[in-house]
Structure formats: structure tokens, C-alpha cells
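Each chain carries a letter (A, B and C) given by its place in the written order, and its residues are counted from 1.
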Amino acid sequence: MEIKEYQAITEAILFASGEPVEISRLAEVLELDEDTVERLTDDLMNEINTRTGGIKLVRLDKSYQMCTRSEYADYVRRALDIRRNTPLTQAAMEVLAIVAYNQPVTRAFIDQVRGVDCAAVIQGLIAKSLIEEKGRLDLPGRPLLYGTTEDFLRCFGISSLSELPPLPQKDADSDMQETTLDEVIEDSMTQTKGEAPEGTPIMTGTE
Amino acid sequence: MEIKEYQAITEAILFASGEPVEISRLAEVLELDEDTVERLTDDLMNEINTRTGGIKLVRLDKSYQMCTRSEYADYVRRALDIRRNTPLTQAAMEVLAIVAYNQPVTRAFIDQVRGVDCAAVIQGLIAKSLIEEKGRLDLPGRPLLYGTTEDFLRCFGISSLSELPPLPQKDADSDMQETTLDEVIEDSMTQTKGEAPEGTPIMTGTE
Amino acid sequence: METISYKVPGFEGPLDLLLHLVQKHKLNIMDIPIAELLEQYMRTIEEWKAINLDIATEFLEMAARLVHIKTAMLLPKHEEAEELRRELSGELMEYKLCQEAARRLAAHNIGENLFVRSPLEIQLDLTYRRTHPTGSILDAYLAAAGRGRRKLPPPAKAFSGIVSRHVVSVSSKIIYVLRRLYRRRDIRYTALFEKAKSRSELIATFLALLELAKACRIRVEGEGDKQVVYMVEGNRRTRNR
């Protein structure tokens, strides 16, 4: 088979799936190794994204997805009668930022950073498919862990978490000084380590 | 605006819609007359359908629709099929286990045990035919009850629910580290009242 | 807790308010003048009360915490107060960083303008075909239900207000008090404090007693050194059903 044909099949699959499709799945269907699939899909992406059209391919972690170009959003909305979603609230953005930069995280951790109960906000972000469960922490109570989704990557225009906007590090005027979020969090983790994890089930003390 | 741009918008709309879009609708959104829209969409269709790709445009009466090329149908089907048979997520496994050991159960009960909204996971398990509806509870709101299916038994290599791996017994004292406040209270209440501790760890949450 | 609207206009929570006050009054976040911050904080709370806003528990909890730190600082040796103050500084910096991260992230939000398709409807038998070892269902159950020991989640969120963050040791004291009461139905009030090794343990025990009394799980009778704490019988069942 020719490269062009593999690319055509890939295009058909991405169109039909709608959702992000993993490289491994494409490789299985095309009966090619993943490196080859990656190379030819990157080429396809390049071709589609440089021609004048309404569609583009995005790379999301280990997947590809087909979507519309953002510059035509207003027309698409009008044609399909899509109401604008209410934008993410400040609370939702804060929770999303905590999850994005620290994943996987527990709800207790999110609550602690924000100083308020975030259960409802977390549910909302899960419903919007921006965050999802990522297993459980191996601690008493086995709290759930949350992380961001591929939809999150798409919505924020990045193809992997390494492309998240950098956080302030040595901003001269801020009080942050040289602390990164990770350091601050690390600190607060060690500080609170002695205590029971806050939040859901109330732990017995160790008397 | 250039013709190319109108065509790009049309492409975006047809992509996002998936369904046939009427010429009149396109004309309204593009703010062009229908003849013009027809001409430029026919051109677009011609262009898309003559290049080597996985997508084509079709004309249906007074509408256009974007779809995959039929020669790639088998690949598309295979890709979607793989998607459907990806292994169960941890969340799905947990919901399945809660249903298996406590059936019939309400969604509220499942949500309560896991501490998160499980509606989407439950729907997924129903689609996979691992759980099914088992009537309604005779309570206000008449909540649906769920139980496991025969496919569930096959999936886990057992021939009846009685073959589910037994749950560990409560042991009297070593559990204090992980108990919740409620359990402490409950335990000590049953102890003082001289009742035997119940064997089933989870009671149906429907009292 | 979800039922209480904690969102006071403009503020995401007590940390947000504190950050606002720190910036407004140009306080040093690394070396917070607690007395001044407390005064500003209370003034804001009073203003809200004056216009009949519901003040959420988180805000009151923070007020109590500031008072606690301020009081602790009055002691001649106030290492503990310094520690509490540093802890608060850390939390504020962390939250500030969180807000900054949220701001930077929000600038990249293009999700609204990208449209994706829903998967093509193909008639497929969706029945799950994989098989799993029988034991994996038990593993999953234990993961979800917590070694088979977790029953229904705590009732009515009765204690959520005190379980959070800094005062978390209060929850262990609640258990401590209840456990002692389960052994005997009544206990001398002062006996509950005898084993405490630090001020914060004393405070936590005291707060635990207040919470339990408020939840009608215990009753305190008598005066002075003769006070006795009683278990309230049967209450949980009625509360819970």
C-alpha cells in the first residue's frame, strides 16, 4: 500500500471516530508499527493544517483528533445552533490549574490549596470531560486521584502536559521568589504529613 | 471574503454537523444567496472528492453531507471496534464490583460508595452488557435498580453469583486505622447493644 | 457542605479574601502581621454581616484560626504561633500561585472554538468480549469499598466543617472522646484533658467536645471541676435515617 493510502485510511478513521484515536489503535488497524504510523500521521497533519480548509488535526499526547479550525467557530455555532457554553468560572479554572500542574491529585489536596470544599467544581469539570479519575492513592481511605484528559489538551491548545504555560519562577516583583508550585506543594505536603489527610472519611487518630 | 474562505467555513460546518446540512442553512450563515453557495460547495465537493483522502462530500437533494469513503469502511469499523473493547477502566471495574456484590443497587448507592458521580460509568457498563436494569425501587422517585448480566459471569469466568470471590471477614480490632467516624460509632453501638456485627460490609443504601 | 453557598461576591474563599487583604494593605506575605490581618479580616466579615450575607463556615473557621494564632502569639514562648503563622503564609503563597496558574491557563483556553464530531453511528454489538481473572472483581470491590469496611459515607456531613485543614486533629479528638465514652457511659470532663501533651491538643479536645455537643451526641452536666460528660443514646439512628 502507498503512504497516501495509509494516510487516507487514517483520515477516514479520525473523521469517523470523532474522539481522539491512539497511535497504537491506528497501528493495529493499519498493521504498521507505531513509529511509522506516527511519522505518516504527522505528515498528514502537516498537510491538512497547511492547506486552506475548515478542518485540522491536533496531536493530543499519544493520540490524534480531527476538529474544526477555531477561526470559523462563530459560523459553526450559528449553523448548528450551538449556544455558547458558559465560560469556566474562576473556581473551575483554579481547580483545573491545580489538577493540571500537580496531577494526579486527590480532592483533599485541591480543597486544601483553595481553602474551600471543591467537590461540586470537580464534578463539573468531570462532566465537561476536562478532568477524569486516575486511579486511587494507596493510603488509608484509598482516595481517588484526578488528572486532566485529552479534551483538556485540545481545549488549551497543547499536545502534551509539558507544553503547559510555565509558572512564575523568578519574577522579580512577586513574593513567590524562587518557589515553584511543586516546591510549595512539596513543602505543604511534608508539613501536613503528620496529620490525617483532610477531607472525606474521617480517620481515626493513632492513639 | 475569498471563495476559498467560504469553502473552508462550509467544510468546518459539514464536518462538525456530521448530518446533511441544507443549502439554505449554509446560505443563511455565509450570508450569500443559495445559487452561489451551491456553486462553491459543488466546487469544494469536486476538490475534496478528487484528492486522495479518507473523506468525501455527498450531495443529497438540497443538502450536503461529509462522510468517510466507503472503500475504507472496514478499517473504520475495526478502529471503532477496538475502541469498544479497550479494557475496563479502574472506575468501571469498581462500579461493576459494587453492583456485583450488592445487587440490586441504585445509582445513588453506587455514587455514595465511590464518593463521585458514576452515571457515565454505569451507562458504559450497560452498553457493554455487563450490567442491566433490574426493576425499580419502591421509594419516592422510583429509582432504577442495577444488577449484573450473564455476560458479566462469562467475563469473570464464573457460572453464578455464588462463585464471586468471598469478601474478607471483618476482624475485630486491627481495623481501627482505617475506620470512619461512622464505623467507630456504629461498631461501638452494636457492641454495647450486644448485637452481632453484620456480615455484609455494605448494606444497600436504600433504607 | 455543598448546600451552603460559600461564595461571597467576589471571593472564592477565605484564602482569596486574605490574599486580597494582604495585597490591599501591602502586608508582607512572608511575615504576616497577624493582628493587623485579623482586624481587616473581621472588619470585612462584619461588613458582610451588616448587609445580611450568609457567612460560610469556611470564613468563620479562618477567623477562628487567626484568633488562635494571635492568642498563641501572646504567650511568652510562642514557637507554636510562629509555626502556625508560617503555615498560613505557605498556604497563601500556594493559593496565590494557584491563581496565577489559573490565570495563565485561562489565556490559552480555545476549547470553545474547536468543534469535534460525535463518533459515527455504526451498528455494532457492543458486548464486552474480554475476560478477566475472577479475583479482579474482588480487588476492585476492595478498592472501592475500602477493604470491605467502609459502610455508607458519613451522615449528613455533620462534621465536615471541622474535618477540614488545620483543625483536622479535632476529628481525631472526636473519635478519642467517643471511644472513651463507649467504654464508660460517662466521664469526668477534666479527665478528657489529662493526657493532652500540647496546647493544640487541648484546644482540639475542647473543640471536639463542642462539636459533639452541638451534634447532640454528648451532653455535659455539672459545674467547675465536677463537670461530667455523658453519651447521648440512640441519637445517631434518628439523625441518620
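By definition in this document, contacts are C-beta pairs under 8 Å (C-beta built on N, C-alpha and C of every residue); 3 or more make two chains touch, one makes a residue touch a chain.
For clarity, every value in this text was computed on a predicted model and none was experimentally measured.
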> Think of each chain as a node with edges to the chains it touches; is that a line, ring, star, complete or other?
Replying inline: complete
> Of all the other chains, whose mean CA position lies farthest from subunit B?
Replying inline: C
> Which chain has its Cα centroid closest to the overall Cα centroid?
Replying inline: A
>> Centroid from C-alpha atoms only, then distance subunit A to subunit C, rounded to Å. What do you get?
In response: 28
> How far is the middle of subunit B from the middle of subunit C, if each middle is the mean of its Cα atoms, in Å?
Replying inline: 33
>> For subunit A versus subunit B, what separation do you get between their C-alpha means, in angstrom?
In response: 19
> Out of subunit C, which residues touch more than one other chain, so two or more?
Replying inline: 115-120, 122, 143, 146, 150, 153-154, 159, 171, 174-175
>> Two or more other chains touching the same residue: where does that happen in subunit B?
In response: 12, 15-16, 68, 76, 80, 83, 90, 114-115, 178-181, 184
>> Give the list of subunit B residues in touch with subunit A in this complex.
In response: 4-5, 7-17, 21, 25-26, 29-30, 52-55, 66-69, 72, 75-76, 78-80, 82-83, 89-91, 114-117, 176-181, 184
> Which residues of subunit C touch subunit A in their complex?
Replying inline: 1-2, 6-7, 12-16, 28-30, 58, 62, 87, 90-91, 93-120, 122, 143, 146, 150, 153-154, 159-160, 163-165, 168-169, 171-176
>> Quick check on the complex: what are the subunit B residues that touch subunit C?
In response: 12, 15-16, 18, 68, 76-77, 80-81, 83-85, 87-88, 90, 93-98, 100-101, 112-115, 127-130, 151, 154-158, 163-165, 167-168, 170, 175, 178-186, 188-189, 191-192, 201-203, 205, 207
> So in the complex, which bits of subunit C are touching subunit B?
Replying inline: 115-120, 122, 124, 126-155, 159, 171, 174-175, 178-179, 182, 236, 241
